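Labels A, B, C and D are assigned to the chains in the order they are written; within every chain, residues are numbered from 1.
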Amino acid sequence: MQKKNATAAVIGAGDYIGGEIAKRFASAGFSIFAGRRNGAKLEPLVKAIEAAGGEIKARSVDARKEEEIASFLNDADRHAPLEVCIFNVGANVNFPILDTTERVFRKVWEMACYSGFLAGREAARLMLPRGKGNIFFTGATASLRGGSGYAAFASAKFGLRAVAQSMARELGPKHIHVAHLIIDAGVDTEWVRQRRLEALGPNALDNPDLLMPPTSVADAYWQLYQQPESAWTFEMEIRPFGEKW
Amino acid sequence: MQKKNATAAVIGAGDYIGGEIAKRFASAGFSIFAGRRNGAKLEPLVKAIEAAGGEIKARSVDARKEEEIASFLNDADRHAPLEVCIFNVGANVNFPILDTTERVFRKVWEMACYSGFLAGREAARLMLPRGKGNIFFTGATASLRGGSGYAAFASAKFGLRAVAQSMARELGPKHIHVAHLIIDAGVDTEWVRQRRLEALGPNALDNPDLLMPPTSVADAYWQLYQQPESAWTFEMEIRPFGEKW
Amino acid sequence: MQKKNATAAVIGAGDYIGGEIAKRFASAGFSIFAGRRNGAKLEPLVKAIEAAGGEIKARSVDARKEEEIASFLNDADRHAPLEVCIFNVGANVNFPILDTTERVFRKVWEMACYSGFLAGREAARLMLPRGKGNIFFTGATASLRGGSGYAAFASAKFGLRAVAQSMARELGPKHIHVAHLIIDAGVDTEWVRQRRLEALGPNALDNPDLLMPPTSVADAYWQLYQQPESAWTFEMEIRPFGEKW
Amino acid sequence: MQKKNATAAVIGAGDYIGGEIAKRFASAGFSIFAGRRNGAKLEPLVKAIEAAGGEIKARSVDARKEEEIASFLNDADRHAPLEVCIFNVGANVNFPILDTTERVFRKVWEMACYSGFLAGREAARLMLPRGKGNIFFTGATASLRGGSGYAAFASAKFGLRAVAQSMARELGPKHIHVAHLIIDAGVDTEWVRQRRLEALGPNALDNPDLLMPPTSVADAYWQLYQQPESAWTFEMEIRPFGEKW
């Protein structure tokens, strides 16, 4: 693997999607800066990337804190120029409207929208002087569609999409690629498996084709990164072939 | 005018749109509960509605405070059953992304999205036991499109739209009409006139056909109210005939 | 009823939606020009409107023939100025893609899209010199969403929507209101009832709230007609309160 | 280059986009079947691909003729299994609505929509028995937005998008990847350059960043082809970084 003098920051580097994105960019020679609430949980990811000859720094970051996001990205940029910033924090909840407390509504927004704004803005601040960079946001079905019980989650995801779209229109002409990837499916994580079993019964997982492997999400981000600036995508949606939509 | 045993609450009863909505429903016999940050500013509206034989209660309400919204709507409902709740708080700002402070981003969201969620939820709480009611939200061009400089405003408006859509899908089958009115134009207010003059120069107002009279917005809400439940609209957009879109 | 010196033309004046639209505008004093493939079938509509004191001319029109559309609308305009033209021809079919013959694909397009273009264009030709008029098109769920088996129908409905949107953007500034009404539900017709029984079994019609009465569609068109030109809607969707969407 | 036992058919293999798509897939080892109205014009493409060691058959095809499309794709499939079919026929015109003749409206639809339906259906017929294949359609800004003067073109492009979406929903679960690529920009062709000079004056081409190189479109199709079936994109839009949208 040839090392690049560039970092890729992953905010919301969870066990599944975020981790696979980190591995994908590490394997291409990027230095990875991986942040999640509890940085200690990143240890397996650090081991995996280092074992494969990659480079990674793991940090505890509360993405809802302006100073923490700023210092995380500044550190990344000091290590090597920040070329890619991927915001991948989720907060999927479902409550009937009357049971959606103001605390839940605010918290979901802080995690899934406000912190995305902070991450995008701070990444842009570092990239603009160089006229170069990639800022990618993870969206979901709920980015495009509000559903019964999803007032809090869809509101945050719609809001994040608006941030991404506004940034893309402002920063594209300045050579910064802003994109919004809509994952229109369940991703194959322990949490999604449990929810499906609860909601749909013991046969819920019989068709493995309906869950998207986290590596496929990482592939999609890699495609967005590879696009020439003469043909950038702002928004693309991905779903497994068998998904009903 | 025949009095109805029903109240219509207008949250964000400003000098223009909100005021005209209040007059429209008052003239149809509704008791109006009008709330805005500084209730004292509602005096001219109170005079106008009372002079026309209508009934109105004016209140100071900080729509971002859960208790204030709840008690405002509870008072309205105690006065006479709450049949209509219209959320009309705006917060249009434009800043380059790097100049969008976290304070602005948060405040715009609190005003234009979070308070809409609170108002919608509390109205639903009062309407659900009766299986009847109308909850309408004012949207804008930025509800559908993020533009350069609009990360804060569009994010809040996208988020409000998701709240409205999620509520419509949950509450429609329970006989509550939730709608989202997209005003795809400038409304003829002093503030919009000033902004146009600053942005476009002294001839900016030469074509009066491009500004929408606040009474026309009130007409649109009245149309939504009148729809039979067998043919409800969730979303409609309105614009002046001469508007480029 | 006060007679207006104006005609409303309904193209696709079937037994249900088109007929109710005709009655609605007739009851407001319009002279109606009603066209459908087999004009003889319009007799009950003629009787109903005349019994109510209205005025109606019934014609056989093949909407896919340029000359027939042109002469139908010219006749209407000679009778009294053409103020409203509503295109309401449907052609709902569902076939797997491999079974969608080129003949079906072409015919559905000719009925649901091409003839709408002809009707809209000829209505515009008559209305433009007066700088006044209303051209409305009936859309469906399939106007916004292609589904399995709907290649022919959705393609035609998407295409009709593009015609409507292009005309609205060109003709709005010339004081002609072009609108596209999306009926996102089954309308209560004999044909829809039969299809539901076949598809969903004998209980398919137990919930009458899921079928939209044709009169409600007529109400929606009447609302569009009544809008002031300072606040025109191009697109609104209607569905019964209990519809899942 | 390693030869694949597979063909990629390009319908609408013009001098620019279609030609570059052909080269891209040829360079990956596909046998190319290239069709355009006047097959003789494909000679330079044939030379270029063969000079690079690739394989290509060039054919005259009127894509609006069912038998011609069917026999073109059947020939391709007999040569080697048809794995990719890309429909790339354009027909961009702009006329005021009153000047849009029925002949233009019909012809644009036949070229840009009807022939796409035929190509997609015949490709699906060959691919379904193998449970494998890729069917891609070229879209444009006008696939999503009708504009003044674009009734014919937008109607055809909307219609093609509906065909693609309906096919994707039906054929995805059968392992056939149907995608719709929206080129939201002018592509750098002689024709686009001339139009821009006419419309915008002699400086229209000063900013080369606003024209998309045909090779970038080919890259985008190559990305769609490479996606794993666990994460297929149906629709993605591409535009140059400097494009206003």
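A few points about this structure:
The definition used in the following text is that a contact is a pair of C-beta atoms (placed from the backbone, for glycine too) under 8 Å apart; a residue touches a chain by one contact, two chains touch by 3 or more.
Bear in mind the structure is a predicted one, so any value in this text is a computation, not a measurement.
Identification of common neighbours of subunit A and subunit B yields an empty set.
The most distant chain from subunit C, with centres taken as the mean of CA atoms, is A. A rotation of 180° superposes the C-alpha trace of subunit C on that of subunit D, rounded to the nearest 5. Here subunit B and subunit C face each other with the same set of residues for the most part; over half of the interface numbers are shared between them. Separating the CA-averaged centres of subunit B and subunit C is a span of 32 Å. Centroids of subunit A and subunit C (each the mean of its C-alpha atoms) stand 45 Å apart. Residue positions of subunit D touching 2 or more other chains: 169. Taken pairwise by the contact criterion, the protein chains form one closed cycle in which every chain touches exactly two others. Subunit B makes touch with subunit C in their complex at residues 169, 172-173, 175, 177, 209, 212-213, 216-217, 219-220, 223, 226-245. Chain contact summary for the complex, subunit A toward subunit B: residues 66, 96-98, 100, 102, 105-106, 109, 113-114, 117-118, 120-121, 124-125, 128, 142, 145-152, 154-171.
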